[in-house]
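Two complexes are shown next, each including subunit A; its partner changes from subunit B in the first to subunit C in the second.
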Partner chain A sequence: MQRNIRSGVTFGIIAGFMTFIFGGWSVAIIGVLYGVGLGLSLGGRLKREAPLGMASQALPTAASAGGVLLVMSLIQNYIVAPAIGQFPADPSVVIPANLAGVLGGFIFTLITVALHGLPEKQERMGKLILLAVIVVAFPFVDTFARLNWLAQFIFALIFVILGMGLNIVVGYAGLLDLGYAAFFAIGAYTTGIFSSPQHNIYLNFWLVIWIAAAMAATFGLILGAPTLPLRGDYLAIVTLGFGEIIPVVFRNLTDVTIQDPLTCWIIPGITRLFGGQSGMACITLLSHMDVTAGERGINPIGRPYLPIIGMFTNAQPIPWYFLIIAIILLTIFLVNRLRASRLGRAWMAIREDQLAASQMGIDPVRTKLLAFAMGATFSGFAGAFYAAYISGIFPDVFDFSASILILCTVILGGMGNIYGVIVGGLVLLTADRLFLPALKDFLSGLLNHTVLPALASNPTLRAAVAQNANPILYRYLLFGLTLVIMMAVRPEGLIPSAQRRMELHEADEVPNAAASTSMKS
Partner chain B sequence: MSTKAKTILRRILITVLVLYVIFLLGPIAGFDVPSIAKAIQADPRQLVQFIIVGVANGAILAIIALGYTMVYGIIELINFAHGDLYMWGVFSSLTILSLTGTLTTKDPVHIIWGIAVALIFAVVFCAVVNVAIERLAYRRLRNAPRLAPLISAIGMSFTLENIGLIWAQQSWIVPSFGTTGGASQKDYPDLLSRLFQGLGYNVNLLASSGLGLRLTIKDLLVIVLAGVLMISLRLFIQRTSLGKAMRATAQNRDAAKMLGIDIDRVISATFLIGGGLAGAAGLMAGLYNGTAWWFMGFRAGLFAFTAAVLGGIGNITGAMTGGFLIGLLASFSDGYLNARWTEAWVFAVLVLILLLRPTGLFGEQVGEKA
Partner chain C sequence: MLELKDVHTYYGNIHALKGISLNVEKGEIVTLIGSNGAGKSTTLRTIQGINRPRSGTILLEGEELEKLPPHEIAIRGVAQSPEGRMIFPRMTVMENLEMGAYARKDKTGMSDDLERVFKLFPRLKERIGQKGGTLSGGEQQMLAMGRALMARPRILLLDEPSMGLSPILVELIFEIIQTINKEGTTILLVEQNALMALSIANRGYVIQTGEIVLSDTAPRLKENEMVRKSYLGIE
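For the complex of A and B:
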C-alpha cells in the first residue's frame, strides 16, 4: 500500500514539474496523461479483482497523486510564474485548468486501473478504446486550451513513422543503418520535385506520396545492393557515408549538365590527336538545370486536398494530425503483417545467425536488400508528409543528426518491438520538440527575472551563465548520451521484444541456460 | 564460345558500362575530364602544389587513422568517437594556447613554450579521455552482440561532437571564440608562420629557388612529425613487451589471456596511445589549417577511417599509406574537381575498396566473424 502511495506521489511530482515548465492550461492535459500512466503502472501491480474493487484499491494512490499535482500546480501559478516573469495566473484560468487536470488525472487513474479488472480480451479492448479516445480528443483539447502543442507534436509523429521504418532494418534484420535520414530526404525531395514550382510540376499529393515511397525504396535497393554483402560494422560506416553524401548531393545539384561523353569529348579528342577535325554534334541531355535549388530549398510544395476538409493549411494542424495518424496506423498494420510473414521471419533468422539461415535456404543478400527497401519505403511516406507539411525542404534537415535521432528512438524504445519504437519516438521527440523549448523559456525567464539581476556584480559569471543556460544547445548531447547509457544499462530498450532481450542478455543467462530454454518453450 | 571467354566478355562489358556512367554523370560532381586536362596543361606547377598540400593533410589523416586501426586491430570495434576526439585535440590545444597567452604574443620564445605546453596537454588530455571512453562505454559491451558496442561508439561520437559545440561558445574562457555561438568555425592562429617570421626566416622554403612553388615550414613540420610518430609507434609495437602483448591480443584474445597477458591493461594502453595520437593530430591540424570547428571531427574521422580501410584495417603501415593517399585524393578533388564534392569522392573510394578488396592494400585475409 505504502509503495503504491509513494509511486502516486512520484507521478504527481513529475507531473507537477511539467506544469512548472509549461504553465497555464497544460495542467489539464498533463493530468490526464499522468493519470493513464499511473493507472497502467498501478494496474499491473494491484491484486486482481472486479473493476470496482480495483478502482477502490487505487483510490488512495490516485488521491495522493492528485493532491500533489494540485499543490505543485498552485505553486506554479502563484510562485513560479512571477519568478519567471509571467503574470500571476488569472483565476478564470487557474480554477478550471486545475480542476480539469486534477480531476482528470484522478478519474483516468481509476478508469485505467479498473480496466485491469476486466477479462483479458475486454481489458485489451478497453485499453485500445481509452487510447483511441485520447488520440482523437487530443487535438481538440489542445486547440481549446490554446497550448499549441499540436504543430510540434506532428513532428514527433513523423519521427515515429521513421522509427518504425528503421526498426525493420535495425531491429528485425539487425543491420545498423546510420544513414537512414537519406531515405527520408529522398522521399521529401521527390515530393518537392514533383509538386512545386521548381520544375513546374504539380502532381496531386495523394499520388506523390506513393511516388516518394517508391523512389525511396528504389534508392534503398540501389544504395543497398553494393553494400549489403559487407559485414555488419562496415555496413554501418558505409550507410553513415551515404547518409552524409545524400544531403551533399541535394545541396549541390543546382547546376546540372549531363553530356554524352562519347560525342562530346572522347571521339573529338581522339580525332584531334590524329590531327583531324570532327564535326560530331555533342549530345546534351541536361543543360544547367537547377534540380534542387541548393541551400535555398524547394518551396512552396503542394499540399493535400480532401473534398470536405478542403486544402490542408498551416493554420489548421488538425487535418494534418489525423492524416499522420492514418499513416501511422497503416504503417503499424503493414509492419506487423511483414513481421509475421515469411520475409519477416527470414529477417530475424538472418539477424540471429546468418550462416545457419543461409543453410536453411534463405538468400541473405536478397533478404537484407528487401529489409533495406521496406525500411526506406516508410521513410519515403514520412518524407512526403514532411515536405507537404512544412511546404518547403532544405538540405540541412537531413544530416547525420537526423539519422542519429531516428536511431535513438529505436534504441530507446526497444529494437525489434514496434510498440516500443512508437513509445520511444513519442518520448524522445516530445522531449525534443515540446519539453526542451518550454524548458528554455522557463530557464530564460527565471534567469532574466531572478538569477541574472543577482549576478550583476560579476559580469564574467553573468555572461557565462546567460550563454550556457539554454537547454536547446544540449539536445543532441542528450541523444548521444541516451545511446551510450541505453547500451550500457538497458540495451534491449524501454519496451523490449522478448527475443531481443534474450539475445542481449545472453551472457547473464548462460549459467541457467536450461531454465531459460524451458521457459522459451 | 567457352564459358571463360563469356565471363571475360561480361567483365569487359560491365567495365565499359561503369566507365561510361562515370564519364556521363561524373561532371555533375566535378569529374570533367577535358576541363581537368586543360587545367593541368595550363599550370603544371599547380599539380605539384596540390601534392604538397595533399601530403601534409594526409599526414594528419594518417595519424588519426592510426587510432582507428589500432583499436580495430585489438577489439574489432570501429571507434566512431575517434574523429571527434581529434576535434577535442584541436579545441583543447587552442584553449591552452589561449590561456597561456600564446595566441596574441609575437615573442618567439613564448610561442615555442606555448606550443609545447599545448601539445603535452592535448596529448595527455585526449589520451585520458579515450581511456575513459573505453572504460565507460565499451568495456562492459565486449562480449555483447556486435551491434551494441557500435551503437555505443556512435553515441559517444555524438556526445563528444556536441560537447565540442558547447565548448566552442565559451568565450569567457577563450575570448577569440567570439560571440557568434558554438556552431561557427573558429580561428586557429597560424603560430608557426608567426614564429618563423619572428625569427627572421622566410616562411616559404622554396621562395629563393625560383620554381614558383610554396613549401612552407608548416608543411615540412607536419610531414616530419607524422613520420617520427609513425616510426616510433612501429618501434614501440615491434620492440617493447607491451607492444608484443598488443600484437598477441590482436591475434587471439583468449590465447593471450591464457598466457598471462592482462587484456584490460593492453586494451587501455591501446586507447591511451590512440587518444594521444589524436591529440597530437589535433594540434597539428589546428596549426596547419588554421580553423577549429566542432564538426571537423566527423569529416576527418570518415576520411581517416577510409584511409585505415584502404591500407588494410589493423595494419599500421597500411594506415599511414592510406592516410597519405586519401590526403592526396582530397587535395586533387579540392583542386581539380569540386571542393563541395570531395566528401562524396572519398566516400566513393571507401565503398569501392570495401567491395573490390575488403582487406585493403596491406591487409591480410580475415574471414567473416560469425
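For the complex of A and C:
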C-alpha cells in the first residue's frame, strides 16, 4: 500500500514539474496523461478483482497523486509563474485548468485501473478505446487550451513512422543501418520534385505519397545490394556512407545535363577518327536542369486536399494530425502483418543465424534486400508527409544526426518491438520538440527575473549566462546522456521485445528452466 | 540418390578434400568415419553448398548441386543437423521446428510431421515454449534433428550427433536415427564414434586427410584390421 502511495506521489511531482515548465492550461493534458500512466503501472500491481473493487483499491493512490498535483499547480500559478515573468494568474483560467488537470488525473487513474479488473479481452479492448479517446481528443483540447503543441507534436509522429520503418531493418532483420535518413530524404525529395513549381509538376499528394514510397523502396534495393556480403560493423559503415552521400547528391543536383552518348560522342568520335565531319546533331536530353534547387531547397510543395476539409494549411494542424495518425495506423497494420508473415520469420531467422537460416531454405540475399526495401517504404511515406507538411525541403534536414535520432528512437523504445518504438519516438521527439523549448523559455524567464538583473554591472558575464542557459544547445548532449543511461540501466529499451530481453539478459536465465515457466512468454 | 564424384574443396590454399567420391542409395544409412580434421564436416559443408568445391560434381537424384547456393540446396530436400547444432537460440522450440518447415511447399502435412517429431522426441514436446538456447546439449541435438525432419528431407545429413552427449543419450539418439531411417529417410551420418556409427549403418566410408581410404559394408568395416586399430581402438 505504501509503495502505491509513493508511486502516486512520484507521478504527482513529475506532473507538477511539467506544469512548472509548460505553465498555463498544460496542467489539463498533463493531468490526464499522468492519470493513464499511473493507472497502467498501478493496474498491473494491484490485486485483481472486479473493476469497482480495483478502482477503490486505487483510490488512495489517485487521491495522493491528485493532491500533490493540486498543490504544485497552485505553486506554479502563484509563485513560479510570477517568478518567470508571466502574468499574474487569472482566476478564470487557473480554476478550470487546475480543476481539469487534478480531476482529470484522478478520474483517469481510476478508469485505467478499473480496466484491469475486466476479463482479458475486454481489458485490452478498454485500453484501446481509452487510447483512441485520448488520441482523438488531444488536438481539440490542445486547440481549446491554446497550448499549440500540435504543430510540433506532428513532427514527433513523423519520427514514429520513421522509427517503425527502421525497426524492420535493425530490429527484425538485425542489419544496423546508420544512414536511414537517406530514404526519408528520397521520399521527401520525390514529393518535392513531383509536386512543386520547381519543375512545374503538380501531382496530387494522394498519388505522390505512393510514388515517394515506391521510390524510397527502389533505393532501398539499390543501396541494399552492395551491403549484402557485409556483416555487422562493415555493414554499418557502408550504410553510414550512403547516409552521407544522399544529402550531398541532393545538395548538388542543381545543374544536370544529360546528352545522348550515341549522337554526341560515339558517332562524332568515329567519324572524326576517319577524318570526316559528323553532320549529326547532338541530342541533349536534359540541359542545365536544376533538379533540387540545392541549398535553397524546394518550396512551396503541394499539399493534400480533401473534400469537406479543403486544402490542408499551416494554420490548421488538426487535419495534418489525423492524416499522420492514419498513416501510423496503416504502418502498424502493415508492419504487424509483415512480422507475422513468412518474410517476417525469415528476418528473425537471418538475425539469429544467417548460415542456419540459409540451411532452412531461406534466401539471405532476397530476405535482406526486402528488409531494406520494406524499411525504406515507410520512410517514403514519412518523407512525403514531411515535405507536404512544412511545404518545403532543404538538404541539411537529412544529415547524419537525423539518422542517429531515428536510430535512438528505436533503441530507446526497444528494438524489435513496434510499440516500444512508438513510445521511444514519442518520448524522444516530444522531449526535443516540446519539452526543451519550453524549458528554454522557463529558464530564460527565470534568469531574467532573478540572476540577470543582478549581473547588470558585468555585461559580458550577463550575456554569457543568458546565451548558455539554453537547453536546446545541449540537445545532442542530452540525447547522448539518455542513451548512455538507458544502455546502462535498461539496455533492452522501454518496451522491449521478448527476444531482445532474452538476448541481453541471457546470463540471468536459468538454463533448463522448467518448461512450464517459460510457456508463459 | 546422392552422389559425389571426385570433389575437391579448398580453404584458401589448403586442399581439404582431395577428390572425394561417395554415393548414398535411397533408404540407406551411410556413415563417414574418420579422425579429427580428416574432412568429414567439410564434406557435409560442401554438399550443403556452404563451401564450394573447386572441381567435381555433386548429384542429388541426377541434379547437380555444386553450383547452387545453400538455400537452394535446402529447398531441393537436403536437410542437415549440423555440428554444434546451430539451432536458433532465441526462438522457442516450436518456432525452431516451424523454421525447419520453412522451405516446404505443402503445409498440409505439417501437423502430422510435428506429431511425428514429438513422438520421436517426447522431450521436445515438454519444452515446446522454451527458448532453444536454454535447452541442454542433448535437447539441442534433438531439436536440430527434429527441425531437419520438419523439412521432410529426401536426405538427412547428420554431423556428429553424438558429440558432447552422455553415453545413455548417445544410445537414445542412435536408436532414433534408426527409427527415422526405417520410416523412410535416407541418412548420411558423419561420426567420430565409429563403433556406434558402424553398428547402425548399412555401409561406411573411411576418410583420412581429405581422401576416402576405405569403403565397404558396415559389418565388414567393423572387422577390418585398419579400422579396428585406428578408429575402434581394438588391438
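Operating definition for what follows: the second predicted complex is superposed on the first by the 471 of 521 C-alpha atoms of A that agree within 3 Å, B and C clash if a C-alpha of one lies under 4 Å from a C-alpha of the other, contacts with A are read in each partner's own complex, and residues count from 1 in each chain.
Just so we're on the same page, contacts are C-beta pairs under 8 Å (C-beta built on N, C-alpha and C of every residue); 3 or more make two chains touch, one makes a residue touch a chain.
All figures in this text were calculated on a predicted structure; none of them were measured in a lab.
Now for A:I245: first (subunit B), second (subunit C), both, or neither, which partner does it touch?
first
Quick one: is A:I237 in contact with subunit B, with subunit C, with both, or with neither? Answer first, second, both or neither.
first
On subunit A, which partner touches more residues: subunit B or subunit C?
Counting contacted residues of subunit A, the larger count belongs to B.
With both complexes superposed on chain A, which partner does A:A346 reach: first (subunit B), second (subunit C), both or neither?
Second partner only, subunit C.
With the two complexes superposed on chain A, say which partner A:I362 touches: subunit B (first), subunit C (second), both, or neither.
A:I362 sits against subunit C, while subunit B stays out of touch.
For A:E49 in the superposed arrangement: first (subunit B), second (subunit C), both or neither?
Once the two structures are laid over each other on A, A:E49 reaches no partner at all.
Can you give me the overlap between the subunit B contact set and the subunit C contact set on subunit A?
Comparing the two interfaces on subunit A, one with subunit B and one with subunit C, the shared residues are 353, 355, 503, 506.
Provide the residue numbers of subunit B that touch subunit A in the complex, in ascending order.
20, 23-25, 27-29, 33-34, 76-78, 136-137, 140-141, 143-152, 154-163, 165-166, 169-172, 182, 298, 302, 305, 309, 338, 340-341, 343-344, 347, 350-351, 354-355, 358, 368-370
Spell out the residues on subunit A that touch subunit C in their complex, using ranges where they run on.
342, 345-346, 348-349, 352-353, 355-364, 499, 502-503, 506, 509-513, 515, 518-521
Over in the complex, which subunit A residues touch subunit B? Could you list them?
So the residues of subunit A in touch with subunit B come to 170, 174, 176, 178, 226-227, 229-234, 236-238, 240-242, 244-245, 248-249, 251-253, 256-262, 265-266, 269, 353-355, 400-401, 404, 407, 411, 460, 463-464, 467-468, 473-474, 476-477, 479-484, 486-488, 491, 503-504, 506-507.
So in the complex, the part of subunit C that touches subunit A is made up of which residues?
Touching subunit A: residues 48, 50, 69-72, 74-75, 79-80, 82, 86-92, 95, 98-100, 102-103, 126-131, 133-136, 147, 151 of subunit C.
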